[in-house]
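The two complexes that follow have chain A in common; it is paired with chain B in the first and with chain C in the second.
Take a look at the complex of A and B:
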């Protein structure tokens, strides 16, 4: 059993540990169920029927079935990036597209590949290609992100993070 | 998008284990982004009934072939009622 403290305070990933081309550890979620979809609708108070009324989704909107919410994907990607940075880094920015539907039964793999890194103002900025890939290799959310990792022996990443001037 | 009902038979699909193995995984009922097999019934007389929506009829036919169905009929749906909700389909 992993404790909450272990989840919040994993071994720190340092800027010095990453290299361009490196694949970050993936986060695998699913298979998704209608319960996941409904729970998110309830939490978000998103009552669009395409998320819980299968007949409406299929026969009114012509969808395959109820859909996983875009806002869920928008919460998972930052969570994944945050987990890559814990405990003392910062997921600075992310931008991605919604390119394919996710439905109950799908399994999602969040992934990130290092595309660039640069030290600025004593901080380690790491650029990433990111995405959320389905079990059939369909890429649903391609995008890019920048995370900030501490440099060994360097200054702490400020909390809350303030982007270096000029970036 | 069009919607069709196919009636036919397929070897072993009267067994729930085989039926589940053929249909449970997402890619079994959603072979591509435009094609969804929304419902499949195994009837008591050994026949099967499947509902599909797809961009074109050929996409549903390809799924039926790939699944080994002997198709008796394949018919477009006009409208339907489902537990009190009525939907015009075409």
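Take a look at the complex of A and C:
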């Protein structure tokens, strides 16, 4: 887990310091519990019983237990990329698939590996392979992302973000 | 041997590009208390979401939301509406908890896909981010059926992959984020 104090003044990650193959710092969440799942259902007003009614999940839908919501997973990946870019970069885009189920008891490690980098229109674009891996090495959300990191001495990353021309 | 019938009918193909009306996603704009609940649920203690004095010193100039917070706002039941939970279980005591609820969300909705493939699975997401909303911002969304493809499962059964693109904007028309959500029908 990352703390609020750590997020106040995170050391800026610069485009100049990134290399292909580099692994970004992971974000570990969990172990997840039914209480975490229920908190998300309540916050979202997502009343699908497979997320909080274990009897329904098991005996009606044939699931092993209640499931962590896909909508929760969907929010975690952009949040992780946001942390990697703070304070002045930008988590431009990400795409990922929903593969394996995440259930209470699982610990989730968000990860990212640099696969490419290119300076375009004065902006430092960094391509990543990303995912959310469980404690048993099962990958649940494989995907790719592009983040924008400041270049030392370069122009600021625009906010609101404006993509480089032609992209 | 009979030729397999395509699940991607002309009627379904004709829905590609259909765009729903642009609607306001929530009633009262971005609110502090809802933001607190959301950020705790995604386990993100970032002070940019709650510490106003600190947030003013950041490049955002004030409190902002998590990256795709605005994409969840329209899922909530407005006050004064029929209680969708009670209605769902009156209609079906063994309701899964979402059937009747979903039918109440007609504003800004896309037409249903006319298919016998009823099982829906989340296939993946594409997200583009441009700006984080701030407190008081009003959020608008507009959905479009961006693509429908047919695939055949390993057992030979037909599947549809449906991609819905939703563009989220603020009260000034600034694009906040674009979400492309793909679902599998089988």
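Everything below uses one rule, namely that the second predicted complex is superposed on the first by the 160 of 167 C-alpha atoms of A that agree within 3 Å, B and C clash if a C-alpha of one lies under 4 Å from a C-alpha of the other, contacts with A are read in each partner's own complex, and residues count from 1 in each chain.
Definition applied: a residue touches a chain if its C-beta (ideal position, glycine included) is under 8 Å from a C-beta of that chain, and two chains touch if they have at least 3 such contacts.
Predicted, not measured: the structure shown is a model, and the values here were computed from it.
In the superposed model, A:7 lies in contact with chain C only, and not with chain B. Put chain B and chain C next to each other and count what each touches on chain A; the higher total goes to C. Once the two complexes are overlaid on the shared chain, A:135 sits against chain B while remaining clear of chain C.
Within the superposed three-chain model, A:62 lies in touch with chain B and out of touch with chain C [touch as defined at top]. When the shared chain is aligned, chain B comes close enough to touch A:103, but chain C does not. Of the two partner chains, neither chain B nor chain C is touched by A:26. Note: residues 56, 60 of chain A belong to the chain B contact set and to the chain C contact set alike, using the contact criterion stated above.
On the chain A side of its complex with chain C, the touching residues are 1-4, 7-8, 29, 36, 39-40, 42-50, 53, 56, 60-61, 70-72, 74-79, 81-83, 87-88, 90-98, 143, 159-162. Taken together, the chain A residues at the contact with chain B in this complex read 31, 55-56, 58-60, 62, 64-65, 100-101, 103, 105-106, 135-136, 138.
Residues of chain C that touch chain A in their complex: 37-38, 40-48, 51, 54, 58-60, 66-69, 72, 75-77, 85, 88, 94-98, 101, 121-131, 174, 180. Chain B makes touch with chain A in their complex at residues 1, 24-27, 30, 33, 36, 38, 53, 80, 82-83, 85, 87, 89.
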